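In what comes next, subunit A is part of two complexes: it sits with subunit B in the first one and with subunit C in the second one.
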Partner chain A sequence: MVDKMLIKDKEIVVPGDKIASGMGFLPGRGTFRKNSDILAEKLGILNVDGNVMKIVSLSGVYLPKVNDRVIAKVIDVLMSGWRFDLNSAYSAVLSMKEATSEFIQKGADLTKYFQINDIVVCKITNVTSQKLIDVTMSGPGLRKLRGGRLIKVNTNKVPRIIGKEGSMVSMIKNATGCNIIVGQNGLVWIDGEPDKEVITVKAVKMVESEAHTAGLTDKVAAFLEKETGVKTAKVNKK
Partner chain B sequence: MNNSLKQHLIKSLQKNIRYDGRKIDEFRDIKIETGVSHGAEGSARVKIGETEVLAGVKMAIEKPYPDTPEKGNLMVNAELLALSSPEFEPGPPGAKAIEIARVVDRGIRESKAIDFEKLCIEKGEKVWSVMIDVCTINDAGNLLDAAALAAITAIKNTKFPAVKDDVVDYKNKTAKGLPLSRWPITVTVYKIGDCFIVDPLSEEEDAYDARLIAAIADDNNVCAMQKGGVEPLSIEEIGKMLDIIQKIAPKLRKKL
Partner chain C sequence: MTIKRIDKRKADEMRPMKAEVGVIPSADGSAVFQAGNTRAIVSVFGPHDLHPKFLQNPERGILRCHYNMMPFSGHGDRVRPGGSRRSKEISMLIEKSLISVLDLENFPNAVVDVFVELTETDAGTRCAGICAASMALADAGLKMKDLVSAMSMGYLDGEILVDINSDEDCDRGATDVPIAFIPSEDKLSLLQLDGDVSKEILLKLLEIGKQKCLEIDQVQRKALKNKFKERLK
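On to the complex of A and B.
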């Protein structure tokens, strides 16, 4: 049997689409093998990497991955740690050891460190096959968030909001003077002056809704310049 | 919402800037469509920003209640569909759904919007029943005002079905509308910290201390009121809130 691609690279596929046939191809993220064919598992854009077929999804909920920096909410205080809501179907656990470098006495009140409804930035350290998730608070920039506000965005657009090496998010930061933290799980934390926050939210939503279009950076730069009156110095791209 | 996020929200409100850029006493855009359902005798779709609510009216001939033999019946039911918010679950109506239904019912009843005596066909035996169903399509805050607006628009849109030998023929509508005399407008004012706001977003609904719902009749007088939330309200505060409501209600009335 001859190996054959049935759908071109960068095209949109829907679940069940036959992408390629032949054992020469390998199924990657979002695809699976049926007999000798490779089929699409979800809606998205096909990405051909050598002989591996991958799908970059256009929508959907957040699935936790190791090393993702996420914004989480404390939903429970446990015997020896805290349970976090990750804006996902699965919750994570922060153990005492990963929470602080301080020594915590046996039977100490854990709410001294994190209380229910606190918002934190943390990093995922482990995801089991059963989707039990461990997170850590030790690392640069990982901390409890005070004040500010949270907005939800499509998790699949997060890379676009951050931009190449953080170019998009730093452009918005520079123009509005707001502090912005983008979690991989689709939560964005914004802290700044009230009027500037409104502009920031609009800019982030604009990136989210127009993520697929070309020349987005220029569009956002023009929008920010119009709204803030500050000429946005282009962030140098390497 | 935790306290530090709430304090941040209050700081923004004190500068008269809402999280979506509005002023504190400003409503989002309101869009009203009528006659959206063919099966109902009257229906309306109301959008306040991203919040969307459907209301439908069904009419039936029923026996009157024993204490009001000469008056028609009114029933309001609200359903918070699970598709409209991640917080809502399918199943029997919860406290929030019951509250919406009761507030809408009270606004219509106490403003004497419908002339119930004209709904009587045969005293003690046969009267028209008006049943209003409110369904939420999307909850982006302020379901209460949207539901009340949808309900009043739907009864305004209602036409009696044809009746043949005492049997209602739902396939044919007559040109006759409900005997309506007044139009209640329901506005809710929320108190967050020391700020009073109208038309809250979901975040603001999560953080409010107290709220006052009032139905306003055509002459801009209050005809029904309900207080909600955990914090108490002083007499001065209620006065201030009613001033805001009476200022907003005529603007909403123009949308009818």
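On to the complex of A and C.
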């Protein structure tokens, strides 16, 4: 049997679409083999990597992964820790040990450290098969967030918002002077001058909605220049 | 003998179909599917946490469908709002016809909610609901082995009718055979029969039904791709 590609690279595929036929191809993420065919099991963009077929998702809720830096909200205070909402199907637990280096007396009031509704940046340290999640607050940049505003974006567009080595997000930061933290779970925290915050929200939403267009960096740069009047020095790539 | 259909269709002609994806911005996935005067709008939320807790399944996520006809959607009387025996049954059957293509192993203890709202009805609502729901589930980024297409076959006065409307189904009492079809598996995930037919006729109905479902499948795929193609431009 002759190996044959049935759908071109970078095309949109829908679950059940026959991508390729022949045993010369291998199913990657988002695809599966049926007899000798490779079929799509997700909606997304086809990415052909040698003879491996992969699908880059365009939609879907956040599924927690180890080492992801996420923005979370305290939803409950437990006996010896806190429960966080991760903007996903599962909540996470922060234990006392991972919360602070201070010594916490037995029976101490834990709301001294985190109150319900507090927003924090934390890192996922463990995810079990049953999706029980542990997070930590010890690490560079992990802290409680005060002030600012929080917006939701599509989780699948987060890499684009961050850009190559953080190029996109630092460009927006430089232009608006806002502090931006992008969580892998699709929450973005923005803090700065109120009018600049509005511009930042617009810029982030623009990256989100046009994530797959070419020349997006230039477009966003032009937008920022128009809105802020500051000439955006392009973040130099190595 | 050829039967006269109220909308002047041929016996093997389907009603004009329309499909669109991403119609509800706040939902995780959404779609609308219209066949003639039957229109289903579906929104998908999740996977998210499931309450009450006793419904949770630690092995995989569950699918929960809610079928609802709007008060003004029917042909005659106002449909009484809220659940009924009928809506509960159809919710269950939509759920069962979709679960076989869905893979929710990655979401233990969680739930995917599917809300099927019928704004206009002219028979074949469960089928329109299934068509729209399978598009909305794909739009929500869930793992599926295929889309599901559904439609209602009919048998009236010795003739096989495709995609029957409420005139044929309710008023003239055609035998009604709703089916849902998974193309890549060549399997049915829903088969109901309301009326009398012989075995031979039933097999014939299913064969034609499968062919017609393939046409619906094409409409669904095109609609899903269209949503993102516009954005990619």
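Here, the second predicted complex is superposed on the first by the 216 of 238 C-alpha atoms of A that agree within 3 Å, B and C clash if a C-alpha of one lies under 4 Å from a C-alpha of the other, contacts with A are read in each partner's own complex, and residues count from 1 in each chain.
To be clear about the criterion, contacts are C-beta pairs under 8 Å (C-beta built on N, C-alpha and C of every residue); 3 or more make two chains touch, one makes a residue touch a chain.
Not measured: the values here are computed from a predicted model.
Applying the stated contact rule after C-alpha superposition, one finds that A:V14 touches subunit C and leaves subunit B untouched. In the superposed model, A:Q115 makes contact with subunit B only, not with subunit C. By the document's definition of touching, of the two partners only subunit C reaches A:Y90; subunit B does not. Put simply, more of the residues of subunit A are touched by C, taking subunit B and subunit C as the two choices.
Of the two partner chains placed by the overlay, only subunit B lies in contact with A:R149; subunit C stays clear of it. With both structures placed on the common chain, the touch criterion links A:E197 to subunit B but leaves subunit C unconnected. In the superposed model, A:S57 lies in contact with subunit C only, and not with subunit B.
Of the two partner chains placed by superposition, A:S36 touches none, neither subunit B nor subunit C. Interface of subunit A with subunit C (complex): residues 12, 14-18, 32, 34, 39, 41-44, 57-61, 63, 89-91, 129-131, 156, 209-210, 212-213. Across the complex, subunit C meets subunit A through its residues 28-29, 46-49, 58, 61, 101, 103, 106-110, 138-147, 183-184, 220-221, 224-225, 228-229, 231-233. Contacts from subunit B toward subunit A in the complex involve residues 1-2, 4-5, 7-9, 11-12, 15, 17, 19-21, 203. Of all residues in subunit A, those touching subunit B in their complex are 115, 117-119, 146-150, 191, 194-195, 197-198, 201-202.
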